[in-house]
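Notes follow the structure.
Chain naming follows the written order as A, B, C, D and E, and within any one chain the residues start at number 1.
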Amino acid sequence: MSVNLQVSNLTVTYGAIAAVRGVSFSAAAGEIVTIVGANGAGKTTVLNALCGLRTIGGGAIVLDGEDITALPPHERVRRGISQVPEGRRLFGRMTVAENLEIGGYTRSDRAEKRHDLDHVLELFPRLKERYRQLAGTLSGGEQQMVAMGRALMARPRFLLLDEPTMGLAPQIVDLVLESIKRVNREGVTILLVEQNAYRALEIADRAFVLESGEISLTGPGDVLLNHPQVRSAYLGFDG
Amino acid sequence: ETVGPVTDDLGVVEIPKGQPILIGGYSSQSGGDTNQGIDELRGAEIAIGDAGGSVLGFPVKLIGEDAQCTAEGGQTAASKLAGNRQIVVVVGPSCSSGARVGAPILWNVGISSIAFGATSPALTAPDRPDGFKGFLRSVPNDLKSGQFTAAYVYDKLGLKTAATIHDGSPYTEQLVQAFAKDFTAKGGKIVAAEAISPSDTDLRPVLTRIAQSKPEAIFSPVFVSSIGFLLRQKQEVPDLKNTLIIGGEGTFSANTIEAAGPSIVGFRIVGPSTDLFSSQFPKFVEKFRSEYGEAPIGGFSAYGYDATLLALDAIKAVGKTDADGNLYIGRKALHDALMASKGVSGLTGTLTCDANGDCGAATYAIWEFVSDDPSSFSPGTNPKRIYP
Amino acid sequence: MTFAAVTSSYRLERRRGGALAEALRIGLFGGLAAIAFALVGAYTIMDGRPVIEGVLTLAQTVLVTIGLATGAFGARAAGAAPAATRLAHGAAAGLLAGILLAALVLLVSSVNLRATLVAASPALVRALSFGLGLASTRALACLAVGGAMLGLAGSVLTVLPPVARRAVVAGLAAAVAAGLFRDVFASILDNVPGLRGLESAIFGFSGVNPAAAVVLCLAAAALSVGRSALRGRALSERSIALRKRIGLALMIVAILALPLVTNAFVAQVAMLVALYILMGMGLNIELGLAGLVDLGFVAFFAVGAYTVALLSSNTPFAIAHVSFWIALPIAVALAAVAGLLFGLPVLRVRGDYLAMATLGLGEIVRVLVLSDALAPVLGGSQGIIEIARPRIGGLVLNTPADLYYLALAIAAIVGLVSWRLQHSRIGRAWLAVREDEDVAQALGIDLVAMKLLAYTVGAAFAGAAGAVFAVLIGSVFPHSFQLLVSINVLAILVIGGLGSLPGVVVGAIALIGLPELLREFGEFRYLFYGLALVAMMHLKAEGLWPAHAKETSHV
Amino acid sequence: MSDVLAHPSRGPASETLLDVQGLGKSFGGLAAVRRVDLSVARGSVHAIIGPNGAGKTTVFNCITAFVKPSAGIIRLDGARIDGLPAHRVAAHGVARTYQNVRLFESMTAIENVLVGEHRRLKSSFLGVVLRTPGHRAEEAEARERARAMLDFVGIPHRAGTLARNMPYGDQRRLEIARALVGQPKLLMLDEPAAGMNPAEGHALVGLIERIRSDLGVTVILIEHHMRVVMAIADRITVFDQGAVLAEGRPTEIQADERVITAYLGRRATAAEVEAVEHLSEEASIAEAGAA
Amino acid sequence: MTAAAETKAPGPLSEWLRRSTWVDHILLAIRIVVALVVLVGLVGSIAADTYSAESWISFIVFGLTIGSVYALIALGYTMVYGILRMINFAHGDVMMVGSFAGLFAANALAGAGVTSALPLLALPLILAAGMAAGALVSIGIERVAYRPFLHVRSLAPLICAIGLTFILEYSARGLFGTRNRAYPGFGWMEGSVVVFGITLQIVQIIAFAAAIVMLAGLLAVVRLTPLGKAMRAVAEDRDAAALVGIDVARVIVATFAIGGAMAGVAGVLYALVFKQITVFMGFFLGVKGFAAAILGGIGNLGGAMLGGLVLGLAEALGPALLLEGFHIPAPYQLKDVIGYGMLVLVLIFRPQGLLGERLSTKRA
């Protein structure tokens, strides 16, 4: 079960503005790759382009040797790409249970799904308490858990996470990061966008810095963690 | 104004040799009254066809405009026709509201108009404003039909109580009022005066209400769809099983039979009465069907035919050609000729115009449907004339 | 249809087959369009109406347009393929369309379909056989080959350089427009002294003369080439501004002079357009700014009209006999009160619920006005007639042209008021309410007050329109206040561009003016109106003149 | 600049600006908030922290009349504001931002701020229609103030940008500007630092500091970024399961065993150590900032 | 304010007065006025004693019959609306198309002798024809009025749907002519049965039963099938739905097809009950169906059913029940006033309709 994602020369524009310009990177199977960048650098845009929510202006996306650039989003899900989107995007008028269940929409293996569901509820026990509540009425943090769970239910091979710890209490942040690592250990390749750059870089195998839509730095996670430029601009350590 | 051999106070239309004589037409071609308007203009087309498509050796062309059934529609369509100086005469419109604003606009530029559907008595009242001087109509006005119906129900049938139903259109409302007025004057009693809307499909509640007052007859000059629902649903209201329903001439068509199905049998309508009507009408319907793929929907196509007949006759009477073969028609002369129309045998009877522009045959009869087979429609046999 | 409509961030695109398959698909659609055109009966009727005298009838014009469009789209589907391929694809598409139409003719001539399809008549076969013998092989071949030729011609358009393409299209459009709008142009020529002779030179009895058509075509093409040449040159900012100003001045002159140089019909249409502009500006306050969907808008129009009728009619229904100038403000005030009364019950109703609630209220008003119950007061279905016309001194505003100026003056005032409101705290508060009620309220905006104000102001504008309408017609009938009016006003707003004042004007011209001028289509007018609605939305979904994209700087 | 934005009614009338007593809110069977008492001192920055779903946002919603509390009394400056419709609560001087940014998306930044000024502007309908001099002057003033406010929160260059096209961080600032420009007594920020990286969070701390000191506005903020909270809060209230778990000065709170258990989590010991270390690191930064 | 005053619980009235605004007062006044009018009307009508008990029962039966037609239309409306937030203004005309397709099928079947040979088989075939035609037209509407505007925030779909209303009506007029078409009956359907002393037409029972069957069927689809789940997901957030692997385009087409098929069924059943159809019948029935859907709470299937029946009952019973007491002439002319008036009143007090969920306000 090896996944290899190859992005070359990705360009995305909004009207006249190029939000992402010529971005190329790759992720090998089993890696955690982190994208760091300021507000508006284009991180979300890159993720959306990867899962097909943005029509791209140029470039190619190749998954396991197959060019998926022109595929619609749902086809990409079937090929193992899953996203925890920015702002969670839950189905607010469905219950937590239904949200999780629909996460496995593309799958037909009932027993396996059942197993994965238990897994998710074990990961986030809070969701068990809120199991029949409408997702739209959950607190911010609870919603984030559902979003994670929903993406996991698709049993992705390649998981895109857009600020998964946003709005989470510190104790849950740990939990989420821990679960990301765990999911990764199970063989899922991870592309992580995170404002909490410190924690993100800690767990990253490789990382790159996005600045105004272009990659400005790239390297192993721990190297970037100690890179002076990163430390001053994204970690808040002056000097 | 003098053009060629013709001098006329209101102006002269010059038609070069080989060009068509233009007759304007305006009627309801969209909205709820589409059927009526289209029927009428098609009737007009057939009249032109029957004249061989030409008068005095000149081809005749009908320019139809949509006036809907509203005042503003009539106004717009009439202004459009009035703007075309080649138009000799106009037939239409379908509705009194449109005629009220449209006719003066046309007369203002010297064009006479002959309505085929606007039945409001005010339009041909002796004290009508000058703007209406150019207005004539081939359809009789509401008062006459009201009088006739009242006389039939009260005097002939000896019924003392009646109910009325109109559909909120000025036409049916006026008919119902005219009937009620005469019926009460004779000593009868209107026990229920109800109204529906043309878009209603379920009339059983209204009928149930009417049934409470046990009228001996119901007069309802509504149009084909509504009469279809009314007749069919009457069967489901036990107290009305034997009540006589009398409709208006708007339903004088084969389509009424189709709409009402088996319940049509015994349905009586007030319609024009002459023998001519009976002999010519089936041929007209046949022509209509072969031309347009369906028979007339309501009863007004014949008035469209007759209005056009009057127009063509008048043109024939006043048109003058010069040496080059160009045709000249004086507008005032044409108007005078129209007003002087006399004894024209039209589809609905013998047409004679009175001083106020009423040219309708004005003799009525009661017709009764005797069979529910739409193809049996043929005035005389089905419906059968039962009075006088 | 709320503003909170769910939208996707990406387009759902159809996967396309090969270019030729695509071309044939377009050919299929072209053929079906032509068949539909014939089978609804439009062909036979429009065949009697010459556009270019003796050369082209209206029906043929539509058919030719379908053919050209089929070819052009068929060729375009081939993308950047070599010109020969594109021409071939265009011709193939056209040929397919032609064959389909020929098949229809064959079918209609051999099987009697009239029990189901009333227009499948011998007349149709006659018309589509072009005098080459009823459904003869020659006639059928002519249809098929004609389709291919037209398709080819259409595809030629796509391979031409843009300048040439624009010129050809402009030329053809000019010739057809001249024939189509003959009456309007003829009346202008007729009204301008010295041009009368020109009228008979250019126009025949119902269309344009062939020679004149050729001249017009060439002239328009030349003009188009000239414009293209001009466009190519870089213009200084000042000259652009100057041109804009000249354009604006010309437009104002044209608007003011319109009824003077044309006839009563054009004035009448212009008048209706002005009325709908008034109503459009009213609904723009409610819907465009405050986001309150209102499908009962016609009720305010009715209140205005009936108020004037009751105050200045010459019938027993009148409760007073005052001049229009006194009745007008009263009508506006009463309409405003009606707006307030409408607004109150539906304050907490949102989105589509609001649409239905207002539709219901509008229908209630119409039914009441029509009803026998209120007939003693409002005239019922017989309406109220003999409404006195406005006078200025001794001058009676009687003709549509006079009333057009009246409506125009009122529209100008209303436009100014709208503009000022829109660019004030009130307008901003409306926009805020439209965007997010909760947040607006949390910022201290009194939702109730702002919504009621929107209803009141919008209704007042509609009331003014109704007042003018009453004197224009000289009578009021309940049948003038149908749901369709509300729908039309709504469509004007959307087609023009929600929240945009010039949009209202453009929208009204497009939706009220054009159909009136398209009366030639007779009983098919509404069919073409529907097609135009769909087409316009497809061309510009955000409206013909959208509210300013206010963005001035980015990043 | 600050004179345009200056707050007219400064100076304490009483110590307590916001006083919440016995606030309760339940959704169906779920008691999201139970008998919460909260009092916020004038001129302070008061932080609310607590696990996800503890009811923090719900308290905000109750105060701003976004939802109707099931029980309790809320006073602002001594006046009862519970039960009033939202716009009247705003009129008493309460403004807020939202956990998920809620801007008027198809309006530009400056228009968003101008809407925030609505309450301050007094032009009447007639004034607007007739374009009276008073109205024109007010309008010009309002624009100037709006620009100054955009400047104050650090996004003057975005004035003409449509709100929906702005990056997230700028949207958050714009939301603060929109809330502030109406001259509230109390500004309520719901997770203002969410989605910001630590460096940006730092800048936010400076902004809040200036809101308090330059504009004299009392601030309540909900936040999960401890770094921000510790750096700026005068007092902290900790919520857990809809009730107040603890309240005190930051140093008291970070030492509170219950808070550490409920909020920072007790899982692997290593993680706990790390978390506490993290916390003290934040605190030292906060102290450095305060000095 | 002293502590003592505080602790004393304020009376509910004074508390209400403190919280309420003038709008609340006016709404209260409206409530009282309506209650009074209804009361006076009721008392007056009952005092007038115009109608017998049988008549009242008939009114109820009539109301339920037309109500089930409204409900059938409303179901399709609500279905499409619930998923796509689009008022498909052309829905009524889809119904008209379905009705005509059913008519042609019926004529063909009668011509082929199927109707007389197998009368029970004919009905499903005719319904199938109506459904197929409705679904096809509806898919066309999706293509023209919906798909191109998926990514824009505009009222364009509404305007296109209005345009399509004209196109469908006037095309049908040109194609089929304007005449009223009689719908063929089937022998077994013509009669009536007597239940508890009430005479019921068999077609009325069929219409009512069909509405319930369709409701159940739709509920089953939406609640139980994967397609239904996907529909609800698409309804909420299209992007998110795509992210969990749902083919959004397919779901939308399926929704339109189902909605169109519902309209087709409604068209055929309408025609069976009322026996004649015309090309212009769709518009007003469509508006009524829309009203019923809103009344019940749009997007809610059970609500559509309830809304249709309530609206039908209001129209049939309202004039007799309320207006009779005021001695208003031609009360049935005002049935729309009652129907729409009731709609507005319901919305005043339940802005989300009878069974609708409160329009989800975004969470703060």
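In this text, a residue touches a chain if its C-beta (ideal position, glycine included) is under 8 Å from a C-beta of that chain, and two chains touch if they have at least 3 such contacts.
In UniProt terms, the chains line up like this: A, D = ABC transporter ATP-binding protein; C, E = Branched-chain amino acid ABC transporter permease.
Bear in mind the structure is a predicted one, so any value in this text is a computation, not a measurement.
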Contacting subunit D as well as subunit E are chains A, C
The pair out of A-E and A-D sharing more C-beta contacts is A-D
Quick one: subunit A and subunit C, Cα centre-to-centre, how many Å? 49
Please work out the Cα centroid separation of subunit A and subunit B, and write it as a whole number of Å. 75
Chain centre separation in whole Å, for subunit C relative to subunit B (CA means): 32
Considering subunit B alone, which of its residues make contact with at least two other chains? 30, 34, 38, 168, 193, 195, 197, 292-294
Hunt down the residues of subunit A that sit against at least two other chains at once, touch-wise. 52-53, 72-73, 137
Multi-chain touching residues of subunit C, meaning two or more other chains, are 9-12, 117-119, 367, 370-372, 436, 438, 523, 526, 554-555
Interface residues, subunit C side, partner subunit E - complex: 1-12, 36, 39-42, 116-119, 344-353, 355-357, 359-361, 363-364, 367-368, 370-373, 436, 438, 448, 483, 487, 490-491, 494-495, 498, 523-524, 526-527, 529-534, 537-538, 541-543
Taking the touch rule as given, give the residues of subunit B at its contact with subunit C in the complex, in rising order. 19-20, 22, 29-31, 34, 38, 61, 63-66, 69-72, 75-77, 79-80, 82-86, 97, 100-101, 105, 120, 166, 168-170, 173-174, 193, 195, 197, 291-294
Contact set on subunit C toward subunit B in their complex: 48, 114, 117-121, 123, 183, 187, 190, 205-206, 263-269, 272, 367, 370-372, 380-383, 385, 400, 469, 472-480, 482, 484, 516, 519, 522-523, 525-526
In the complex, the residues of subunit B that touch subunit E are 30, 32, 34-35, 38, 168, 193-197, 199, 201-202, 204-206, 208-209, 211-212, 224-225, 228-229, 232, 236-237, 255, 258-259, 261, 292-295, 297, 374
Touching subunit E in the complex, subunit D uses residues 57, 60-61, 64, 66, 73, 78, 80, 83-85, 98-100, 102, 106, 190
